[in-house]
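After this come two complexes, each holding chain A, first together with chain B and then together with chain C.
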Partner chain A sequence: MNQASLPRACAEVLRRDLTLAWRRRGDIAMPVLYALIVATLFPFALGPEDALLQRIAGGVVLVTVLLAMLLALDAMFRSDIEDGSLEQLVLAPQPLALMLAMKILAHWLTTALPLIVVAPLLAGMLHLPLAVMGVLLLALLMATPMLSLLGAVLVALTAGTRRSGMLLALMLLPLCVPVVIFAAGAVAAAQQGLPWVAPIAWLGAALALALVLAPLACAAALRIALDA
Partner chain B sequence: MSKWIPLWLHKLGSPPIFYRFAGTLRPWFLGLALVAGAVALYGGLALAPADYQQGDAYRIIFIHVPSAWMGLFIYGVMAVASFVALVWRIKLAEAVAMESAPIGAAFTFITLVTGSLWGKPMWGTWWTWDARLTSELVLLFLYLGVIGLYHAFEDRRQGARAAAFLAIIGIINVPIVHFSVNWWNTLHQGSTVRILGPSKISASMLWPLLTMMVATKLYYVASLFGRVRADLLELESGKDWVRRIATENSVPGEQA
Partner chain C sequence: MTPTDAIPLLQARGLSFLRADEPVFGPLDFALHAGELALVEGDNGSGKTTLLRLLAGLLHVGEGELRWRGRGWNRDERAGDVLFLGHQLGLKMDMSPRENLRIAAGLHGTRSGRTAASVLIQVGLAGYEDEPVRRLSAGQKKRAALARLLLLPAVLWLLDEPYANLDRAGIALVNQLLEEHIAGGGAALVTSHGAVSFHGGEPKRIRMHG
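For the complex of A and B:
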């Protein structure tokens, strides 16, 4: 059998997933619209008072992005399971963890990146001070890959089940508590004029760890869930 | 002796032998748990003196604290059994891990409920985002996630393996959550009044607490044995030993 080299296989998986996502551009817009709607509802529920909105803006944007990502998480492997290409990936001679890491990267690029792009808009709607915007974006850049990686492990675990949206939320909540705490902590600290590097550094450390371990865990979980 | 024990332990991994072993021991564990629980309740509710600050309200710790210990302890047992189940694929370990989860969730729930019942008169609120309370709530969600994932699969054993994996992820997560929540809470503000400060607990209050801890452990074992027995019957239905038990039980007057 003619084996593709590892970098080439990675590039192919990435290209395939990005092409698939591009063919269904409407799905990429969905989480963004969802985040926009949720963020719009907050002022209606809490009142249009500037000071209050300003205080909660960072947290609201983070939670909104998290929920929007959760919405899209369910679909991470769904079409691949349905058409059987995930099984082919498991059988492929290339390490499964690396292939899955590419799929997670593609998912992050198509789901989280658009959300990060609109995040300043959402934060602006809630009157987050411009000086804090950079910290918010940095926190999102650290937190969203974490969520993609952690979510991928859980999605892989539920690969053998029927619809699993609520179950995913239930399983992801305990895992994302630390991520939310540190990301929101950094934004809150920056807003109060306190040093905000420490929580970002913690997030970065956790991200480095997750980058290495989560694809391995994801591969192990997928093997468990698919072996019937 | 040294050869006998491993052999005996090894045999316990076989479902029919464990079924009989658990069936014999279960009434003893249950009986001892009830006796120890009754003694502890009498000691805690009647013999122990009232607290000089909290009066009688503190007596809820005789339920609250042992339940909290059990919530964590059972999670540990579940994670170890999950690890065994995933590495060696032992059916019994899967059953132990999955049947531990509802018991642990129940203990965690009791901890949260008794804590909030105590919190209302003492702290003046049902709930506060104190680090320990939050960690306990996350622990409950971890349990619920494991239970939910287990039941989401059509195939029981596959569900057990997936949920076992989640349980192992969860046990890595517990200290991280605890640490981050601590950090989070100290960043914002100190927690509300702490009446149970660093003061040492007196011996008259300590012994009922420890007795209750033993009682909850015994109850856990009894409950786990009962649940695992039922689980094994279901998993192994169709095997000869289960058929034999079924026919034995169906004959009136010849109860096993």
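For the complex of A and C:
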């Protein structure tokens, strides 16, 4: 008998989700297209005034990226629940929290990473100064995993309910607010030439906490959701 | 018979499950030893699936007591020993049977001497190994799920309607899988409306009241 090893199990779960995402790459493109459209519409609505666009660029890109991520959020466990793979994952002799962490990682890689890649383009269209671009990317690298992790817990909590999209959005809003405040705060500070490390450090601290706790909460929530 | 043989793999005393304070089934009393097959019998809605989901560990024990190998009922004791095959087959439709097995093997490990390729031939999916599961017929999907039983190392099989969607040859296949598993010292709990022809001795019967 070949015992399953933990690293192999993690690798298989990650590989599966990435392969599935790749086979449905149209779904990955959707949030990116959404973000592109929103960022393109802002100058049309507000007028092509350089100073105004520069001032709102950081905030617009951040909010657009986070909203685009929301589009893909409630699909995180949906297909797994429908086809029974989630049951099999829960029953597998592996730590569920770690397996879910892999699923969340796969979700981040397939939805957030493409958005981070196009973020400089979006920011450029809004005339964000090049010097601030690094801070914006750093803020996005901290904020998007936070949203994936918090979102996963909420999706797991609402997994048992029908039409959970509305509930999900309502519950996620208060959790998003601090993330947006700190991320946008860092970008704004950098734009004004002020020190921007503190808000990024706060985001980093929150991310470290979420990385450890969110998969555990997610596992507990999913076990409860299936136990009905 | 040695004393370890005397300890049942699975033992239920006064087991029942409550949904909104209404009992779904039970109280049930049964014991299942290694090398035994139990058929769960009952009408539609009598709680057969619920019983299997409970034994798999997806549902909590409502009332009564369950013991695994004479010890308490906790997840770590049973880890890897139980395999559950329900109405939802747990197959990814966009992946091939081979890829699906690979993931299952990654999570559970494999029996010695078995590979994904060999078990897929055994369940009659030769030639369909790399076809996406969504393109297979309902019976072939079922066979792809049954391949998991052959590949993964588990002592107790919990099979919910394993005969559904299968043709005559498929039904014979399930019976053969069960006979080999029981002969090899495994145990199985099977729900089915159809006639089960089992040649490895008289199966136990668990009758649901409902």
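Here are some notes:
In the analysis below, the second predicted complex is superposed on the first by the 225 of 228 C-alpha atoms of A that agree within 3 Å, B and C clash if a C-alpha of one lies under 4 Å from a C-alpha of the other, contacts with A are read in each partner's own complex, and residues count from 1 in each chain.
Here is the rule we use: a contact is a pair of C-beta atoms (placed from the backbone, for glycine too) under 8 Å apart; a residue touches a chain by one contact, two chains touch by 3 or more.
Because the structure is a prediction, the values reported are computed rather than measured.
When both complexes are superposed on chain A, chain B and chain C end up sitting side by side without clashing.
With chain A as the common frame, chain A serves as the apex of an angle whose CA-centre rays point to chain B and chain C; its value is 90 degrees, to a multiple of 10.
By the touch criterion defined above, A:D227 reaches both chain B and chain C. In this overlay, which is a superposition and not a single complex, chain B and chain C have their closest Cα atoms 7 Å apart. Common to the chain B and chain C contact sets on chain A are residues 227-228. Interface residues of chain B facing chain A in the complex, by the touch rule stated above, are 86, 134, 138-139, 141-142, 144-145, 148-149, 152-153, 155, 158, 161-162, 165-166, 169-170, 173, 176-177, 179-181, 183-184, 187.
Of all residues in chain C, those touching chain A in their complex are 19, 56-60, 79-80, 82, 84, 86-95, 99, 102-112, 153.
On the chain A side of its complex with chain B, the touching residues are 153-154, 157-158, 160-162, 164, 167, 170-171, 173-175, 177-178, 181-182, 185, 188-189, 217, 220-221, 224-225, 227-228. The touching residues of chain A, when paired with chain C in their complex, are 1-4, 8-9, 11-13, 16, 19-20, 23-24, 82-85, 87-94, 99, 226-228.
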